[in-house]
Amino acid sequence: MSVARGSLYRTVQRTRNRGLTGLYLLVAALLVAYVSLFPGVLSLAGFSRFTQNWFPLALVTMAQALLMLNGGISLSIGPLVSLGAVIAATTMSGPLGVPGGIVLVAVTGLGVGAVFGTIVALFRLPAIIVTLAGSFIVGGVALLVLPKPGGMVPAWFSDALAGQYPTAFLLLLLVIVGWKVFMATPTGLGLYAAGDNPLGAFRSGVRVERVRIVAFALSGLLTVLAGLFVAAQTGSGDPVIGAPMTLNSIAGAVLGGVGFLGGRGTMRGALAGSLLLAAMINVMFFLGFPPVAQYVAQGLIIVAAVAVPELLSRRQRA
Amino acid sequence: MNRSLVTRVAAHPWVLTLVLVALVWIVAGFTLRGFGSWGHLRYLLELSAVIGIVAAGQTLVVIAGGIDLSVGAVMTVSAILLPLLSPADDPTGLAGIGATLAIATGIGILNGAGAAYLRVPPIIMTLAMATFLQGLLIIVAGGSAVSVSNPAVIWLGSARPLGLPAGVILWILVSAATLYALHRTPFGARLMAIGANPIASRLSGLAVDRASVRLYSASGFLAGVAGILLLGMNRQGYAGIGDPYLLSSIAAVVLGGTSILGGRGTYAGTVPGAILLVTSTALITVVNASPGWRSIMFGSLILALLLVSGREARR
Amino acid sequence: MPLNEATVEARGVHRGFFGNPVLKGVDIALRPGRVHALLGENGAGKSTLINLLSGALLPHAGEVIVDGGSVSRFSPEAARRAGIAVVQQELSLVSELSIAENIGLGAYPRRFGLVDYGALAEGVEQVCRLVGIQENRGTPISALPLGRRQMVEIAKALFRRPRVLILDEPTSSLSAHEAGVLADLVLRLRDEGLAVLYISHRLNEVLALCSHVTVLKDGVVTADRSLAGVSPDELVRLMVGRDAEHLFPSWSPVAGKEIVRLEGFCAGSARDVSFHARRGEVVGVGGLVGQGQEDFLQGLYGAVAARAEAVSIAGSASLPKSVEAANALGIAYVPADRKRESLVLTHSIAINLALPSIGRLARGWSRSRHAEAELVSDLSARLAIKGDPARPVQALSGGNQQKVALAKWLPLKPAILLLNDPTRGVDLDTKREIYRMLRALAADGTLVVLMSSDTPELVHLCDRVYVFREGRVSGVLAHGTISEEAIVGAALGLPERKAA
Amino acid sequence: MPLTAIDAAAAANCIKGERKAPYTIGWANIYSVPTWMKQTEGTITAQVEALKKEGRVKDLMVTDAQGNAQTQIQQIQSMIDANVDAIIVIAGSSSALDRVVSDACDKGIAVINFDSLVNTDKVTSKINTDSNEWGSKAAQWMVDQLGGKGKIIIMNGPAGVSVSDDRRKGAQPVLDANKGLEVITETNTEYNVAPAQEAMTSLLFANPEIDGVLSLGGALSAGALLAFDRQGRDPVPTTGENARQFLELWKEKGIKGWATMQPNWLGALSVYAAVQALDGKPVPARVKVPLPVIDDASIDSYLARADKFPADGYIYSDYDQALFDKLLTE
């Protein structure tokens, strides 16, 4: 019984990379291309800027992947990002200050997520339509908080988060560590279990409903934090800025191999997917693609990222 | 008796959606000025027709376990291409319609082929397709587009044979065909089986890949039809004209009681689902409130309808 | 606690689904140090009863008693705390999680609120040894074949250090070897003082392991007695309420035309297989679980890519490239995992029966309701499938589900019928019907290829048996030389194997 | 147009370092698909072609943020990284681009912002019409038309967007001053025909009496007119923008109409201004382009040129270099 402590954990972690090699290679290729086209990204400032642009997308992709792993999905990611941004931009320069703003934003995200989760879990309604209805409600609230772009985030806070230093990258590392810790809790593993085999998980003693609510709440938290970062990055709030993020978050997660029916995929894959989407934009710029080609190339890369590994593995099997 | 009614409704959730529509119409008709007039209801039906027709394709796709995120883009492309593809010397205008529908169907075939043979998850395949189509629009939009002069399309958008808008009649035809295909043909039975259990379906000898190509081509075709109808109603296609119909089509399907996971559902629910959506939008429009509040009201209304109709049975 | 005191008990429990009563006042008491058998036909309510005992379902009337006290608000979590562990008939595993994480699910050892992977690894190590799991504990479940998953499920129950262990058909997907390991384990646990409830349709297992039996029939207990001195025939009588008949039909070999000849056939993990068979034969495919037999069948069926040096199959000189092509040649396949691979559970019995024939029955574009209804009622009658054909197939018990999975191919009049473990989890009566039907099909000129993990089936039903080992055919046993020893010998690659 | 000395002094804003003709210009578009954008890009590329011939522009780099302000930030960042000489931008969000735009300015890149403006003033020049004035002029015309009395419906662009909000705000003082004008209700839709028509139709059923439609841009007015027409209601005085479809309907239905525009050639003007600034010529920090007005007197002259514009496009007023020079020196 000489099981080295932690060796099980390491093996488990290693097997989670299965099936992601193709995506990792594609992302690596894009990053190499980016570096060779624009060596400046290797400077501290360049690196900081690139990760700042990636960070909000990474957060929302994680938020979406979290739900999809649990067998849900959210169509209110975009409006919730906006809500986070406008709350930050309206409170942080007021009496609550930055800490108060952060707390308020976080509580909002957890609360909104928990409400959605409760509706989905207790009334057994499909998440896709609950969050679709929710997107109108959340978007409406964002418009009430700030009817048009404005508000202010203190400059020092903006500089701290989205200035010359790779704070965004460090925050991302922090979030990843947080995810790792969460995934090492019974609830975290229960999240997978409830997504893949809800009945089995229930019979094994996992509180499926509670896990679902937790998943929605955490997803809401990640989403509003993306909004908070966007507010810091832009120094202000915009009640509709998040709109495109809903589809982007789904694209990132699915590119990363996260399945729709729950329990399939990994967070590392989702992160790689979001990095692919973010890096693609810069690479296409430096290659001088005109807009038409940008659209076409984007579509092709997305399809290829999913199809090529699949075709290769089929080739191997045959 | 009472109980059998309840179980019947539970077995056919679409009945509930229908009842909801009726209730909303009756209540609104008595309380809101102008709502209950025949002209208004006819107009609501006309608007619902567009959603209903795209949602017909979406229903088929969702029942078979997929999803089509390119329908909005296909509608836009059809509405913009039709005037370009209509030869000026064709007095019927049917040639242009045929060409446009062929392209829309072709897009669907590509979606289906990608999903079936490249094994790209439908959501990604159709999302990528929507991106492609945006690229196509940049080339086409704002080019030499001319106002729609295609007589068939104009007729479709404005004529009222038998007192019903032509679009509604088209919708009735599409509905009949969809319901027939879904419930009366081997194809429909296979779709449901594929949606519920693709592995078992394949091992039972169903041509899953071929079905998926047909399915997405049907969805593309119907999105094309909806795009043309929308063009006829607006007389003008523009970039983004189809965008609102993507989420509407999915919402109509789900409100109609079709399981978003596939394998179970009927177009008979999507029809009242589409009407419900249009009605909600119309109700919200006449309320004088700030945009934020309107949005909140619309979302809450959908959520309330959803709670009332309480779908996805307990395990 | 006195030894004879029941640890878990159900008293007068009632439970039904959608108004259909399944259990009508059932009593059962599980005592420490006893292996208690629960018998009954498919759909008798066995699984339902254990769901009540383990908190997965709540009774509509009656009570569940743990350690002498009635429990209200029972839940799986509460049952676990009370020391009740269940090996469910339907696996409760999570495919992306590792073996270890599955074993611990719902009962993880914690440190600072986190899963203590060190302690988990140790605990898992112990139970894995007990049940003989050699795979790396970090392997995801999705990488394991069904039989191994079942062992993980058993390990998972043991991990909870139960006082009461409930096993619902634990051996139905196990190989003979694994079943042996399990039997030893059950006896050991009994000696350690556990209360065990054992559900199985394999009566020899019941006789070997259990000392007490409860029989369910039509929702009520028809027998609750000691098994001491009960003979197999008596047991059957207890269960079905009449005398035991022969399980296997008798037959005389017929030598039809050769319909399959394969040389150097490869598919998936099946390598270099030579195979030939005639119409009218029942050809067995045996060996330990997961030696390429399934890939062999699926390769013939066009469901996995296959190639061969020489082919002649159902009149074609090439292998079918797809399932439809196989169907067109008259090849049908009944998968082992009926819930995943064979049935559309949420759809009606009728649709499931008609699915492969729907296109053929259609008139023009339209389905022919009439022809389908006729087909369905004909098949239901022929296989005695109980229940209204309009009900979802998931409401059928396992045995009846299996009949549906088989029956849907009959209208195709298959020339070659490939069967993958067709009697898994099926009760005696149904088994008998299935065996009779297979021989009858053979007598009509069908080639039946029967892959089975139930060795007696191969011995008593087959004209010839191909035994697989590591993807290759390690022995071909001709009629007269087929015995359990010969099959096991060939499966283990022992030298004294007999080749035909 | 009041242009203070400070503005003039700030005209050399941003530009630093070696910036010699021919220049590389970055065009950070927010969304290239809509027809207005497409037409605008047409004027930009035409201007660039002309300047290329003169040897003053080397290259035009175009990005398309697909409507995503976050993406636009990333793309402008890339333009900074590529050290383009000038960035032309329509802001996807009036607030979100502030930081990246001022960053570009700090790096010495000429930034010309037109149409949707950023909040920050750290740009070489902001070129736009006045949205407030847009709203107040339209409202004033409506007051005059109705004699200060009547029931009107206001149609706004999408909620949460500065342009639509500013136009609405501009109308408010006029409405306040004329209490006889009753605003029955308001709508917010995309600047497109279909949603506008849909919303207006619902309002027509709910409101038997409507005396005027104060529509604040895009193709909203065309949607409104179509709704009146299709419901068989007599059209009422309607304001709007220079969408070809609206102008044609206005003429066809013979309504009382008024329109102004956001000229597409603001794009060309921006390119021109960028090159002027890079050449060291003074460019005002704010160029307020006067709103061209289309009324019953001038509509025919616009419709006469309609064929040169796409059916779903905008008929913009003529422009030439003389006009640009005039606007930039005013």
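Going in written order, the chains are labelled A, B, C and D, and every chain counts its residues from 1.
Criterion: a residue touches a chain if its C-beta (ideal position, glycine included) is under 8 Å from a C-beta of that chain, and two chains touch if they have at least 3 such contacts.
Which protein is which chain? UniProt says A = Autoinducer 2 import system permease protein LsrD; B = ABC transporter permease; C = Sugar ABC transporter ATP-binding protein.
No experiment lies behind these values; they were computed from the predicted model shown.
Among the remaining chains, C is positioned farthest from chain D, on the basis of C-alpha centroids.
Centre-to-centre separation between chain C and chain D, using Cα means, comes to 71 Å. Centre-to-centre separation of chain A and chain C, using mean CA positions: 42 Å.
Centroids built from CA atoms put chain D at 35 Å from chain A. Distance between chain centres (mean CA atoms), chain A to chain B: 30 Å. Of all residues in chain D, those that touch two or more other chains are 32, 64, 66, 159-160. In chain A, the residues touching two or more other chains are 142-143, 147, 199, 291, 294-295. The residues of chain C never reach two or more other chains; the list is empty. Touching pairs of chains, sorted by label, consist of A-B, A-C, A-D, B-C, B-D. Residue ranges of chain D in contact with chain B, taken from their complex: 32-35, 38-39, 42, 64, 66, 156, 159-160, 184-188, 190, 192-195, 197-199, 201-208, 219, 222-223, 226, 230-231, 245, 248, 310-313.
Those residues of chain B that touch chain A in the complex are listed here as 69, 114, 118-121, 123-125, 127-129, 131-132, 134-135, 138-139, 247, 250-251, 254-255, 259-261, 290-300, 302-303, 306-307, 310-315.
Looking at the complex, you find that chain A touches chain D at residues 38, 40-41, 46, 49, 53, 56-57, 89, 142-143, 146-151, 158, 162, 230, 233-241, 243-245, 248, 278, 281-282, 285-286, 288, 290-291, 294-295.
Contacts from chain B toward chain D in the complex involve residues 32-35, 37, 39-40, 43, 47, 83, 134, 137-138, 141-148, 158, 230, 233-241, 244, 281-282, 285-286, 288, 291-292, 294-295.
Residue ranges of chain C in contact with chain B, taken from their complex: 301, 303, 322-324, 326-327, 333, 335, 340-347, 351, 354-356, 358-359, 362, 365-367, 408.
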